[in-house]
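Structures for review follow.
Both complexes below contain subunit A, partnered by subunit B and then by subunit C.
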Partner chain A sequence: MSMSAGELSAILPLLIPALGACLLPLAALDKDQETVKWVRGAMFFMALFCLAGGFFYVTRLWATGAQPSYGALHMDRIGQYAGIFVMVAAALAVLQLWDHLHQEGWVKGETLSLLLFSVVGMILFASAGNLILLFLGLELLSVPLYALTATVRLRARAFEGGMKYFLTGAVAASCFLMGSVLLYGVTSSLDLAVIGRALGAPRPDPLALAGAALVLMGFLFKISAVPFHQWTPDVYEAAPHPISGFMSVATKGVAVLAFMRVLGAGVPAPGSLRIQSALAVVAMATLILGNLAALAQTNIKRMLAYSSISHAGYILLGLVAGTPAAYSGVLFYLLAYLAMNMGAFGILTALGLVGDRTTFDQVKGLGWKRPDLAIAVTLCMLSLAGIPPLAGFYGKYMIFKELILQGHVSMAVVGVLASLVSVYYYLRLPVALFLEKPSEKAEREAAERPAIKAPLAGAALLVCGVLVVAMGLFPGTVYKVFALRVVENAFHFVR
Partner chain B sequence: MITPWMNAHLLTFLVFAPFIWGVLLMLFPERQAPLVKLLAILGATGILAIAAVQLLRAQPDVLGRVAVERFHWFSAVGIPVEYHLSVDGLNIWLVILTVFLVPLTMLGTWHSLSHKAGTALALFLMLESGMLGALVAQDLLLFYLFWEAMLLPMYFLIGVWGGSERRYAATKFMLFTLSGSLLWLVALLYMAGKAGSFSPAVMAQAAAALPGSAQNLLFLAFAVAFAIKVPLFPLHTWLPDAHTEAPTAGSVILAGVLLKLGSYGFLRFAIPIFPDAALHFAKPMAALSVIAIVYGALVAMMQTDIKKLVAYSSVSHMGFVMLGIASMTLIGTQGAMLQMLNHGISTGALFLLVGMIYDRAHTRRIADFGGVATKMPVFTAFFLIVTLSSIGLPLTNGFAGEFLILNGTYLSGFGWGRAMACVATLGVLLSAAYMLWMVKRVFWGPANPDPESGTAHLHADLNLREIAVMLPLVALIFWMGIHPSTFLAHSEAHVARALVQAQAPAPRGAAVLPEVK
Partner chain C sequence: MENLLAFIGRNMFLVFGLMAVGGAVALVFSKNAVHSVVGFLFSMLSVAACYLCMSAEFLAVAQLLVYAGGIVVLFLFVVMLVEMTKFKEKGLFQVQTPYAVAAVILGAVAFIGVFWSTWFGPSAAVPLTLSSPELAEGLNVASQNAEAVSRGLFAGYLLPFEILSVILLVALVGAVTLAKKERN
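Then we have the complex of A and B:
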């Protein structure tokens, strides 16, 4: 079997991280990884090297504008966007993992291998043009994440969280599979474009609609939209901090991208209108529940989990608006979300909050000790709250604008009210960092512990802070270079 | 070579220089606080000098603009956003007021910031950037960005350096302001979608094509956001909390500039974009303003805390500003312009004075004082002058502003003008009552005999630094009172044009503004 250069370049973004994922366990066989620092360093370097290689390869494809495919695997603008998105998130996660795992006292190279496999699955998921590949991607991204959630086995919660994630994830995956079976049965095709056309017909087959609904459930589970969100807080709380951040960003991101590909394949018609109204209901519920539940949290990680649920709501609002401009807004939003959410989770590692010590009480007054980190995370938080002139504001701006233009003013009002509520809980972290004084007990404990050193996690956090500001100052450039090109080149409905 | 380039980018420099200066100051270590304070004041003074010289010297163009900067910033989802800054008759004095108050406040509160002074001053400079940006922005999205960006430094100034209830006050301030501005954002995006632009002029054309009810709704969304900032009764409840808890410097800037942005928003954006709706809502706006004037004064009378009293007097004074705007007459609106500056000077000075006495006595309760005049004669003299200006004594700035506003309201073409003006005049009386009563209890009479009282802790009168802070303010109080046309001449043409465009009802009689050329 021979392979053309184009076909090879379509799968190289998948092969590069996959190669690293396969090699890493070999290095991890060495028992020395627990005692010798440079062995561990080499493994982390290898993971970063593979991610960097993949990143540069995909950005080159992006720059040239080539959109190769290999069978049903389309490394088009959506796939490339997903590649860039996931690999940046993974690289930030790897940097944080180095510090986090050392803080937890449990460093294993296999973690990195799992992470890279998950990266491969994510890119596959977003570039799949038929149902089989889509399901393959879904499983390849999910299964390593189940294991990653339970990585730090020393923690009691870890296993519980991993199991919870696995069970709920398995149900969602089987729903997805059942839906695919129904769609295949009705349309006798696995191709997303063909299925999209069948769903877009004036009177779509009810079985096909049921199948579409089941597939939709699978996506909504990964996006963690209400009512498929219950796993999110528990799993994020159980997982190592960088993995929580990676899951909240990358999984949600690729699920949205893959979903956009599925939606974009169909022509807007009665069938998709029905999906649109279902999405609108889900988006509203997600916004309201996610934001209100986040208000009540005392644990930073659980707060961030509910915040990531609420952000699923904003993203879904963009899909409800459904115009090309709204899609490009969602794509911008995802980039902003990548920077700000990786930063938000990054502070946990950068301040060395090990295990369950991630409550607001634990960070009181720390802002004055590490002003650089605290300012960076404050910027990320404000950006999450949508306060201009930071990246998150422009994402919301683009989505709300399209929503209003499409006549959904009341939904936009709910959206802005939800962001008003969110300001309160996002400010709680800066408040704890800067405005509150640490309790005496906490100060005594902090004095007894060795000083926290987390240079890589700190650097990752600072990068996120800089990105949030830069995207706020030059939203037009980011929008034009990334978001707009996907919509112009990959979706066929743009006129 | 440098000068033309500087002139072309003067506004960008003015807006961003304080911010950059603030960021640089943050890099200094804590123990260098005196140096940081000095550098902050020098920087702010430099900006004042550049702004005053360049803006007042420049020749205005046809539209009355003395400085413009305009280029395309970015387009996303189909609507171009312009980086459009300009200083014209409407905002020139507000800009100068801002850059004037900042260094003065820093100097006046030299010893007040006990800890992390460098960070506080840096935030202060960032706040200055935000305020200047909001004042000069001519593109609505740009205005919105600065408008929101202003909140954060103020939030932290109140939250970190404030009084005992600082977190409550800071959060209330933040959420109140955001709740208005987020709904306004929806209206703004709606209008931008209709107009395809964020330029107020284009939006006004698009708004004129909308049905009346839609215009009214959109105007309300704009007006509520601005009214919260002013703050107009009944949206004022955040103000007393924020003022009482904020550090002195924060209070001065909050009263001096931040509140003005609300009334400025009406004049610059809400009324020009929706003139019909503004006419439609002129009566309720005037009614709320009058309620604010009287209610604010009555509540101020009942206060036991000097700072809270001044805070409520702000509600009353800003009610005058809104009444002048609602009158839709040249005289009334010009009076509102002047009253905005007056309030910035007088109330800013009052907050500074309250801060000075608080630093000495560590109390602000009126009952803790008495006989201060015997202990601090210089302070008393300054306080009395500022008090009289706040009451609106002729020859001080307060008189000129309030007189024009009441005159304009009385003469306005609206049927309700005379009644409103009569009731509002009551506010002038009441302001004399609460201010003078407070002065009597704090300054006159025998010294408070209690050894724990505030008076007992007053050992030193104002020092040279504090006198240096007060003198320019007092000079301005008289200048504005005796020769207000210095400050009115710039805005007259602008306001007159806006009123003609709004088709405001002609005032009764031959109402001509005296002395304004």
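Then we have the complex of A and C:
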């Protein structure tokens, strides 16, 4: 059988990272497990090279406005947005991994290979037009993450976290699969558009609703919304710092994108109204619980994990509003979230906080040693809290505005209150970095340890800081070039 | 006697189906783990025969190769390698009983609901068929089901098939990553 150029261009964004992922384990072959430095460098370069190749290919598609598809794989604006989003996040994670894995003394090429495979799965997940591809994308993105969580086995926590993620993830995936089977059984179609129409009918089949609920559960697990969030803090704590950052940003991002595609495929109707109200309940619970639990954390990574849960709440609020403007607000928010959360997790690597030494006590006074990094992370934190001139503020503003216009004023009020509460725990990190004095014991220990050099992680953090400020200064441009185009071109209900 | 034989000949599916259920019952209720695996094997073989009765030869052979040939042997290995004394078994499995009962009740309710709607509900407008027409075009599905399956795998669903193989590769790489020993 032959393949047209359009079909090839639809799957190339998947093939480029997949090729790198297949080649990397070969580079990681070694007899005595002591990879020489230039081979390590070459592996990281290869991973970055593949990501850059994929990135440039997808941005080229974006610039020409082509929306190719191959069978049920639609590399339309949503898929391309996901490609750009995930590859930027992965590139930042690779830069941080170089330093983090060297700090931990555990540099393995397979880590990069798994990361790239996960990238492939994520792009597939967001561009899948039928249930089979959707499920395969879900598996292809999660299976590498299970292994990545446990990858640094020198740490006792790593295996426990990986196992926990694997078991809960397997349950969520099987729920998703069961839901897809029910949907297929009722509608006798795998196509998301047909299923969306069946769900939007005035009196949808109860079995179809049960199937939709199970599929929704799979999505909410990946977004880490509240009843399905328990794995998040433990897993983020166990995983290597850059991988935690990557998981919190990219997994959530593509799950939201794929979910938007599933929601957007159906015409707004009584069936989707029920999903809307279920989402509203979940979003409220997520906002309240995520923010309150984050207040009590002493570990930076756990605090960031609960913060990522609460951000899932803001994103879900955007989906509850459900208008095109709200969707494009969510897409802008995701871009802002990419920069600020990769930056927030990046500070852990850039300051060389290895293993479990990630409490607030460990970073006291460190800001004066590396003021540039500390300022960058402070900007990220302020943006996460939603302080006005930064990127995070505009994302929240767009979502809340649309909520109020749709008449959900009380939800918007809860959202604003939640982000006020969040200011407290986000400011704890800058306060610890700049205003608190380290204990004498910590200072002595720090003097004994060799000086931390993390040039790549530091650079990645600075890039995040710059992005947060740039998106805050020019929100209109970013909104028009990225967020609005997705909604205009890819969602059919807008036309 | 002749009548009975003719009846059995007409209802081979029923016979093998009952044999499969019998194997499954033996799997659940036998006290010895090895006997359980043999019951499982019996059940799998009967299911393969059921496929043959529905003239799905390819599926029957695949069932024999994969389940009877591969998975049962794997199970036997595990059962024989992992030493499970009766005492340990008791302690391990008794804890889950209430949850198991709850799950079974939930499953039974769902199952009855599905059957209820199948028998008494409105019939579907379009019959549910697994072979989409374009995949079976030009093929006599009754006699050429291997061709139809291959056309589905390598033409209609080529991309999912390839992605599946990538997922297997990922599982392999992940397992190597987790199992690699650090030598000092």
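In the analysis below, the second predicted complex is superposed on the first by the 489 of 495 C-alpha atoms of A that agree within 3 Å, B and C clash if a C-alpha of one lies under 4 Å from a C-alpha of the other, contacts with A are read in each partner's own complex, and residues count from 1 in each chain.
Convention: a contact is a pair of C-beta atoms (placed from the backbone, for glycine too) under 8 Å apart; a residue touches a chain by one contact, two chains touch by 3 or more.
Since this is a predicted model, take the numbers as computed values, not measurements.
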Which of subunit B and subunit C A:V143 touches, first, second, both or neither: second
Subunit B versus subunit C as contact partner of A:V409, first or second or both or neither: first
Partner chain in contact with A:A225 - subunit B first, subunit C second, else both or neither: neither
Partner chain in contact with A:L192 - subunit B first, subunit C second, else both or neither: neither
First, second, both or neither for A:L124, with subunit B first and subunit C second: second
Subunit B versus subunit C as contact partner of A:R153, first or second or both or neither: second
First, second, both or neither for A:M284, with subunit B first and subunit C second: neither
Which of subunit B and subunit C A:P25 touches, first, second, both or neither: second
Contact residues common to both interfaces of subunit A (with subunit B and with subunit C): none
Complex contacts: residues of subunit A adjacent to subunit B: 325-326, 328-329, 332, 368, 371, 382, 387-389, 393-394, 397-398, 400-402, 404-405, 409, 412-413, 416-417, 419-420, 423-424, 427, 430-431, 434-436, 474-477, 479
Subunit C-facing residues of subunit A, complex: 1, 11, 18, 22, 25, 32-33, 70-73, 108, 110-111, 113-114, 117, 120, 124, 132-133, 136-137, 139-140, 143-144, 146-147, 150-151, 153, 162, 185, 188, 207
Contacting residues of subunit B [partner subunit A, same complex]: 26, 73-79, 81, 116, 141, 144-145, 148-149, 151-152, 155-156, 159-160, 166-167, 170-171, 174-175, 178-179, 182-183, 185-186, 189-190, 192-193
Interfacial residue positions of subunit C with respect to subunit A in the complex: 113-114, 117, 124, 126, 128-129, 155, 157-160, 163-164, 166-167, 169-171, 173-178, 180-183
